[in-house]
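Sharing a structure below in structure tokens format, with a few things to ask.
To keep things simple, chains are lettered A, B, C and D as they appear, and every chain counts its residues starting from 1.
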């Protein structure tokens, strides 16, 4: 009962925020609404019993990545997009495409996922311990690889941005 | 009714993904497009977590974790690139950077 | 239902106490700094300036909320709201004491216990930057913008060492829930040395972890020497230049709330929460003695006062202290009550000590330059935190708990 | 036993000298070049000592090189009595020649390059000898070919040197073509290239009276051998190969590489024994080459050319030996020949060195007193090659001739005549060079010890080498080798022919120097033919080279390459450009356009999936 309500509320918030992301012309507004999406997704993760992922969502996404976005937006002091009429190609090709995507996807989901397995809060939860175990036993190699990737990204970012700063 | 069907989560993520695509297609600001990509990633993460709930396996979480890390790296590099682009062309309009050299 | 009522009560109590604490924390700060600077500080309003916070609050509320033109109104309004909310949320997972039983209802001195409490606090604090950043951006002002930029950059930079240092005690205690963290630090090494993480084997955090955590928390709360977002001598007042009245006040509340949160977390993670520094029968005497001494001192000062007003205020204060001492002594007869009082005493004592440290440093240290700040973060704090985590994990791996 | 150490040591020398030599002082280059070969020689000695009487081949398998289906070719080395002898010859003589070269090349440019090539040659030659199967042998085979090419063209600034190198390489290609065909046939027939298995299987087969598959294989092998060992019809490259430095001529084109063909034939003895026809072909080609080369040698004036042709004819002898079934004798002659022919070349080199580059016999003479050591050592060599009794050549050559006599008398008689001519032209060279009075203008001087030392050692070997009873040592390997029986007059005849040749030479060039020219005049046309090497090169040019060049120029280049292939390529390019012109429209550089296309693809996929799973619910 409760979990259903919470899901609906935060799903609603997420969708509204996402729509806001798309329709807002100003990057900061989009960024804020994206943060909203992430926050509500974090709650949904908690509902799904993914405590660690929820926390990571908050720390990594909302706390670090989006801060970076906001920082850059502020740094460039990017103004709002000057409203241009949507191109005919986008209108007559993109829009139907999206609708089709949405419809078919949901149809497929409905078709593939058998009903009757409800998501109930607390039935299953994987805390940091479980995630850590899996991460450092089965997924050790990917973990290391990803860490190397991060290092590369740091260096790349520094190299790219240095020109910008000084 | 106890809880909600799993498919709701999936459809939610579908909707978010579609919105991400829409943002990518209809926004002209590089940063906003970038954020739309992040939105899509989030949508995918949701499916991962939902399925790992259904299958009672932690692997979905691991995948989500990796997606986050990669997204972080991507954000760092991507934003650096955006900074450089802005420095070179004083604009964030994607349509105006369509040419490789100028 | 029972659970609901209890939670509501607890929430109310905590909210009230917290608010007053915040208000008076500012008063204390002004006093302490004043004395550091050989001034008297707030003195007029009420006895010994005790009503100053009240006056401030009234002033701030009644003041005109001036909104400059060309601000992005939505974000301009949203920013302080965000700031104060996010800073207050994280109190909800902080336990102040052990489980108690009041009128047959067993409950913890804590709003709620997440088994990822620490991560929760980290997450909230990492989101907390938006308040400042938005405020700086929204108020359409170069100085504010700079303040916002600085704060966001600074927050991101200091979150890494913070998280890393937090990870070390978690490794030692092997949990993320604050309750278990405190339980893990209960007991005494060789009967006398408290098993707080700063003393606890295999790797006492007092060498690296605790100092690093404190420094990071200074940065996280934008306190001196890291208060660049509001560096009044470069950027008029930083991110809250354009804010007035309650909005301004909420930024201050946010700052002090953050301070409280951070100190609480430090206490819980490193100083063993409400566990006394040495075994119970002896430690129970401490508060009595302390309050008694304080009271007597106040009385003695009241007998031959420096200023005319003190002829009244000091004896009152002394009597209050003595009363407290008496209360503690009396609570010795009621074990249930005693546990609560002791826990609260030790917890608040530690927190207040840390808060005093904050104020003290603010009173004494100069401010960093911005590049110094960043270099410090990346070239000193980060490697040190790494080192700490590394050593701790190695030690933990080498000497596993029985 | 670490057989791999033997070839690897010179290879290290090659690497060090080849990569770092440019910056190293000559002394250091010497240390590496000679030192590695010496070490390898020492290791060979140790190995042979340890192996003692090698009853059956000692094989070391390193790793499986090629494995496909039943075919399984490993990189493995093997040592049996035959390869033991070869190893000793190659490393020993090689060592001496390296030492000699340090003196001979002292004033040459590209010092380090020279020794790097020499070491590389040693490496490949040792692989060739140590090979445990035909493929590894082929590797060494090609490798020595490469080194010979590099070393012939060592003075790559002169055109004739490079031309000679190319000639050697190309001619060898023809031989290798035959060889590789033979390998394919062997694989097809025996399903393996490993010596042991192949020969074991061959034992089981009946001897082929008429031409059969084994005969074909043997003939193809023979083609390869003729290429490498300069037999008719492919002998033309060897005389030109003298363009290389003299130590090269001594090492590669006298002592070791050119004998590879003989070695290979002897190695394949079990096959040949099953193909009498092939053996007969070997013998005939051998004797023909011996005779032809000898006649040419009579009239050459370049001292190195003389020895080159004598090499060809001596190789012919060896082929006669193996062809007539006296494999042991063939290898024996190979060894002795290695001694005295290396000595001859080194001596010639010493002479050239003494005359600072003069090679024409007509500008020499009377050097006997000026460079005595060279003279005496060369004299030993000449006696040996002339087959004067109790010198090394005597034993080996006569064993060959005897077995030839038992095989087919006419081969024997031709051989005797050839022996006489051999003696004649060798001593002609000797007399022209060392007797009479000096006709040149240079100032002869004796060579340094580093050159004369090897000369003396080789002199001793070529005198006494005959007492090493190689054939006896090799008997268990070649059970069918026909040994000389009772009557011993053929020997005397042969050695008498040798002595007679020497006498004639003395008569022509010392006693009555006029006689030679009159004789040549009397011979007239024949002399001219001989003098011009029977115009073989010219014939080959006319019949083979020209048509090839023309054909490839017109048909292959203009027609095939420019016409068909380029046309195809251009056509493909044009088509793809056209297609690209159409596809280009998708790539407008507009990111959102790309994204739209991606989404489009996703939707298509989804439709497919949806149709697939439509009924699932």
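Rule of thumb we're sticking to: contacts are C-beta pairs under 8 Å (C-beta built on N, C-alpha and C of every residue); 3 or more make two chains touch, one makes a residue touch a chain.
Being a predicted model, the structure only gives us computed values, none of them experimental.
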Interface with more contacting C-beta pairs, comparing A-D to A-B: A-B
Intercentroid distance (Cα basis), chain D paired with chain C, Å: 92
Chain A and chain D, separation of their C-alpha mean positions in angstrom: 75
Chain centre separation (chain A, chain B; CA means) in Å: 6
Distance from chain D to chain B - Cα centre to Cα centre, in angstrom: 71
Sites on chain B at which at least two other chains make contact: 21, 25-26
Sequence positions of chain C contacting 2 or more other chains: none
Chain D residues counted as touching two or more neighbouring chains: 592, 596, 599
Contact graph of the chains (line, ring, star, complete, other): other
All touching chain pairs, where touch follows the definition stated at the start: A-B, A-C, A-D, B-D
Chain A contact footprint on chain B (complex, rising order): 1-12, 14-23, 25-29, 31-32, 34-36, 38-39, 42, 45-46, 49-50, 52-54, 56, 58-59, 61-62, 64-66, 68-77, 79-84, 86-87, 92-93
Parts of chain A lying in touch with chain C, wherever the complex brings them together: 28, 32, 35, 39, 42, 51-52, 54-56, 58-59, 62-64, 67-68, 70-71, 74-75, 77, 127-128
Sites on chain D touched by chain A in the complex: 592-593, 596, 599-600, 602-603, 606-607, 609-610, 613-614, 616-617
In the complex, chain B residues that touch chain D: 21, 24-26, 33, 94-95, 98-100
Chain D-facing residues of chain A, complex: 89-90, 93-94, 97-98, 100-101, 104-105, 107-108, 110-112, 114
